[in-house]
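Chains: A, B, C and D, in written order; residue numbering restarts at 1 for each.
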Amino acid sequence: MKTKTARDLGLAPGRFEPGPLNLITDVPGVRVGHTTISSGDVQTGVTAVIPHEGNTFREKLPAAAHVINGFGKSMGLIQIRELGTLETPIILTNTLGIGIAATALIEYMLEKNGAIGRDTGTVNPVVGECNDGFLNDIRGIHIKGEDVRNALENAREVFDQGSVGAGTGMCAYELKGGIGSSSRVLHIDDKTYTVGMLVLSNMGKTRDLIVAGKPVGEEVATLREKSDDPVPEGSIIMILATDLPLCERQLGRIAKRSLVGLSRTGSQIESGSGEIVIAFSTANRVPHYEENAIQAFQRLHEERLNDIFRATADCTEEAVLNSMLTAEAKTGIRGHHAPCLSDYLEAALSGPTMGTSTVKDRK
Amino acid sequence: MKTKTARDLGLAPGRFEPGPLNLITDVPGVRVGHTTISSGDVQTGVTAVIPHEGNTFREKLPAAAHVINGFGKSMGLIQIRELGTLETPIILTNTLGIGIAATALIEYMLEKNGAIGRDTGTVNPVVGECNDGFLNDIRGIHIKGEDVRNALENAREVFDQGSVGAGTGMCAYELKGGIGSSSRVLHIDDKTYTVGMLVLSNMGKTRDLIVAGKPVGEEVATLREKSDDPVPEGSIIMILATDLPLCERQLGRIAKRSLVGLSRTGSQIESGSGEIVIAFSTANRVPHYEENAIQAFQRLHEERLNDIFRATADCTEEAVLNSMLTAEAKTGIRGHHAPCLSDYLEAALSGPTMGTSTVKDRK
Amino acid sequence: MKTKTARDLGLAPGRFEPGPLNLITDVPGVRVGHTTISSGDVQTGVTAVIPHEGNTFREKLPAAAHVINGFGKSMGLIQIRELGTLETPIILTNTLGIGIAATALIEYMLEKNGAIGRDTGTVNPVVGECNDGFLNDIRGIHIKGEDVRNALENAREVFDQGSVGAGTGMCAYELKGGIGSSSRVLHIDDKTYTVGMLVLSNMGKTRDLIVAGKPVGEEVATLREKSDDPVPEGSIIMILATDLPLCERQLGRIAKRSLVGLSRTGSQIESGSGEIVIAFSTANRVPHYEENAIQAFQRLHEERLNDIFRATADCTEEAVLNSMLTAEAKTGIRGHHAPCLSDYLEAALSGPTMGTSTVKDRK
Amino acid sequence: MKTKTARDLGLAPGRFEPGPLNLITDVPGVRVGHTTISSGDVQTGVTAVIPHEGNTFREKLPAAAHVINGFGKSMGLIQIRELGTLETPIILTNTLGIGIAATALIEYMLEKNGAIGRDTGTVNPVVGECNDGFLNDIRGIHIKGEDVRNALENAREVFDQGSVGAGTGMCAYELKGGIGSSSRVLHIDDKTYTVGMLVLSNMGKTRDLIVAGKPVGEEVATLREKSDDPVPEGSIIMILATDLPLCERQLGRIAKRSLVGLSRTGSQIESGSGEIVIAFSTANRVPHYEENAIQAFQRLHEERLNDIFRATADCTEEAVLNSMLTAEAKTGIRGHHAPCLSDYLEAALSGPTMGTSTVKDRK
């Protein structure tokens, strides 16, 4: 049984069309791979995002990292901010697996680049994480280096969403969450560009959930199976890719707008949530080894950013919905159960026009 | 004819109750004053927010400034960030009037504090601004020092919203905007606290407008009178006051959450919009003149912030709606006309359940 | 009598050569103008830095603003950070005159650009300030709009240093400070580039002063005339110009290095000191009105920045020394007197090899 | 043979006295442990800084992280900035060992806190790093989890400096660097407080070196043995501890001032250098489990910070000198040799009063 995406259900935020796959991989060169570990108490995994088809260390990409809420342990953001470049694939996994993921990513980069740590400097591994401890035996630190390697080697254009890879044990709005993606196509001066988003969703409270503008959370909270233990406050990692020629400052501006889309799904950016965005552009390459002191760089005029902001908000909203709608219900450690949004969505969307929490006895 | 607030129309975002006035002035000690200048081509003014009843220079307040989008000229934010304190009232006016407002605020502070610039250091005037040039002859720089003084001296607990004070010439979502306010009451350990928001709204495109979760923008755009000239991208200044004991870092975290509420009204944080939040708490006072080297400070445990985040988002959403719903249509310079949201709201809200831009032919 | 610069006295920090003028105006297109107001209790003024020879609003420059210590009221930094551009000349004046300076700069920009506030958005005036209240009747707010206009119109390549313009009433290390400048020439791939620094110095305590690595402060403190009133903690504004092709992120990195040079003069970045750097590059222009959606941009490879960092530190150190050595002693309000470093320098430099505070009875 | 510290050689920056040990551990409760791995091509190790004597997860400390230059891979800084707390010991090691160090620190924290990842959220491991690849086979990733555990368990008040622990393979100013420490005692209102600094030094070029204000670098560069391979640009991690009651904002301000001391040793903050400061205060504890919604907090009045800024700069300068002076020369991988500063210092300090690069033929 193939799960349905938001768009399959008629939910299509915004005015712009998605790319052919409606995935981050609509941006040429971007690939995504998963390692899913799902067995009893162990519900976790790894997702790898490979930013372009070449050697990322030798051909870095302009990149930005934006921290919406810093209750998170993501690695590699400091250097992205200083130098404005991404030089490795991005690995996503569970919070306590970041050290293992970092080491595996370092080993992968060393293997591909004999000069690192020998004839040139070191490498900046980028790893994002969320806490999947509600379903997963996170204290067991079950991720292995080979799981990271496997995700990197499996990376491809068409990839699964939902409870896969790093999303295997994640919960969003106290329902099953995980990996979601979406894209938008923009036309600028006769050229076509793509903005793509991939999220690892693991945040929010059911009561806050909004779908397509409808505050369905209260109704879903009534319908859903109750859990004895609370789902801990989680996080969301958002990865934005584009082939638009943008500098790192502009990527930072765009990264910020993902919060607009996230807010429209009901997130309150809870205190204990690591809400982090990494954005990169494949249009310009920043060479590790310089040939000339001065490089040419292409960038979009600032006046053209507004549509890209809208597209970013829209595909963030859709990616979050996709991460939930494509995920199946899952039971994990200590019998914790995460139900599936799609089981409640029809009922919730056909409820009263506007949630009672939002509109009271209009006069 | 008294205009209707969002709540009069049944729009009441969130789960928490407002304070008795549903204004920022529900936070004890906070007062707001306006000078409205509305005559032909001159449609502008000044709004003053006085943060507490005492001498703000001698008894500073913990404060934070958060820049969501920095296309803005607000003054005083650098020092708020460094020292974590607010030491003057906050003045709001039009963009090109900031220099005049700053000078008038400086003179006001000098008058009340003979030591400034003589026996102690200088003073950090805080001035926020939006571009009211669509309706107002902004190039004329019509604000005078006495207008600022007047707003400061008029400040009181009960104040008008809409096209008043700094809001006189402002437009939100290409409709008439201006001053809006709202508050929420929170109960923590048997005590009652208030969060209050005041916005100067001047941002957004009609098509993006969302009211109570409904993407009414497309319908309002169809209904509204057309303007020959585009409304320039604007800004929004958001001022958050609370009597909760919070440190400046916590105030910064809360300030960020105003974007959640703003996003729920449809803002895309356009590139040319200065979206700036200033937050202060009246619970602790930071003395200018020290008596002891070490001061006691009260602050809320971090775990308790989530409800405050929700209350902040909710009263930001409501304050934005109030700024528009309480504003009457206005015609200004070059015949530019800003219609009023309330003229379209009933029709728009009674439209299809969900906007066509958001849900397409559900299957 | 012409005052002597640091270099006249043999003080020449670093390995790189200065430009022909050893001033910020060695960067082609940069000009500096002063209005000096020096009469009895009124010891203040205005300095204008014009960043290039064209229309700065229509042809903006990549720029960065770096706040080392934020006890300051400088205007315009928020937008520089968001958009990465400078679109006006930079005005320097005393702290309480910033509002007047901002208004005058706005008027100057309106005059040159009929579209501002009418057919396009507003303008972001950049104004830096220090507190000259030890010598000047700062509470009197003696700066007038015409003083700002005059400084702008007087701007030229060859300009005075010391107690002139905004530096008229400033004190550095409790001695007379003010305007100082210096430059360095760099050769990269057969081309020649210039880095220029202009400081408005008004910070520090005599005891901390270091000249050419020598901690001369204690000795100067012994030699100098005593003041009954303490010199208040001040600030320093540093303006860095270059014709190197750098993006705003790189300019921000370079701006940070000015602290290295400042530290070598003994500054402790006191709590009450606004230490602010604005850096701009004239090599790329960012058009206000776009012709094409995508612009070409030149930038230096990151590996080449180290020499520019050194040049920046060196010319910052020299500019601070120049601001003090070219300033003559001055008496101002309430009989406050600021003596001149050059009166003590020979004695101090010929003292013991290393200051007693730094090296104790070596064994 | 016991190596000599800076103070043994008469180098004693600043006006304040050091604590009894002149180490970071003069701050009560702070302990430092090393694991040194030195054998042939493997020259690396681990240093652990334990911030207080209790359970750091249950009793967090106010903390700040300041990135001077972000060419670094340090972990945990994002959450320190968001929440203002440190909840683990700090581990220092080589760049490519950070993943292993993070995992070992996580395991250590899990062992001591059964609730992490089960009944409460996760934990934020703090790991700093420098690139010791000039002397060490960094590509071999020789650090093991047990090395981290060992450093944590060995932590004590009296600890070695120089080529030990994480400092085993580090180079500063192209000479041998490593671990250095120093402290200062301050008297405020009849109470005594301590500021302590520990650095892991691995940055700089010989020619830039300044000792006690003297630009000795050029002379040392002439004297020193030549290396065929360049020492890569490195990094410096600076850890500041104090028992002064400071909030996280104030700690951030103090952390910034370490650059003043570092600059006085000649650092140019090279582009490829990760210059990172972590500062914590032991005076207030932030409980993980709240008892009351509102906690009392003590903090120093802002006016009292200046002496602490000076003490911080002074003990940073001394800690850097100590890291070099206590380190013995070392030969590592590929025959790379790092000579020892103390072999050249006497000659360099007894050279001409001021370096030729700084003062040219004074007239």
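Heads up, the rule we're going with is that a residue touches a chain if its C-beta (ideal position, glycine included) is under 8 Å from a C-beta of that chain, and two chains touch if they have at least 3 such contacts.
Keep in mind that this is a model prediction, so the values were computed, not measured.
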Checklist entry - Measuring centre to centre with C-alpha atoms, which chain is farthest from chain D? => result B
Checklist entry - Does B-D or A-D have more contacting C-beta pairs? => result A-D
Checklist entry - Taking each chain's centre as the mean position of its Cα atoms, how many Å separate chain A from chain D? => result 35
Next on the checklist: As a quick test, compute the distance in whole Å between the mean CA positions of chain A and chain B.
Outcome noted: 32
Checklist outcome for this item: Note: chain D sits from chain B at a C-alpha centroid distance in Å of 44
Checklist entry - So which stretches of chain B touch two or more other chains? => result 69, 82-83, 233, 253, 302-303
Checklist entry - Once bound in the complex, which stretches of chain B touch chain A? => result 8-15, 68-69, 208, 210, 212-215, 233, 253, 256-257, 259-260, 263-264, 267-271, 302-303, 305-306, 309-310, 313, 353-355, 357-363
Checklist outcome for this item: Seen from chain D, its contact residues with chain A in the complex are 67, 69-79, 81-83, 95-96, 98-107, 110, 116-118, 120-125, 131, 133, 138-139, 141, 232-233, 272, 274, 276
Next on the checklist: Show me the residue ranges of chain A that touch chain C in the complex, using the header's touch definition.
Outcome noted: 82-84, 188-189, 245, 247-249, 253, 286-287, 290, 292-304
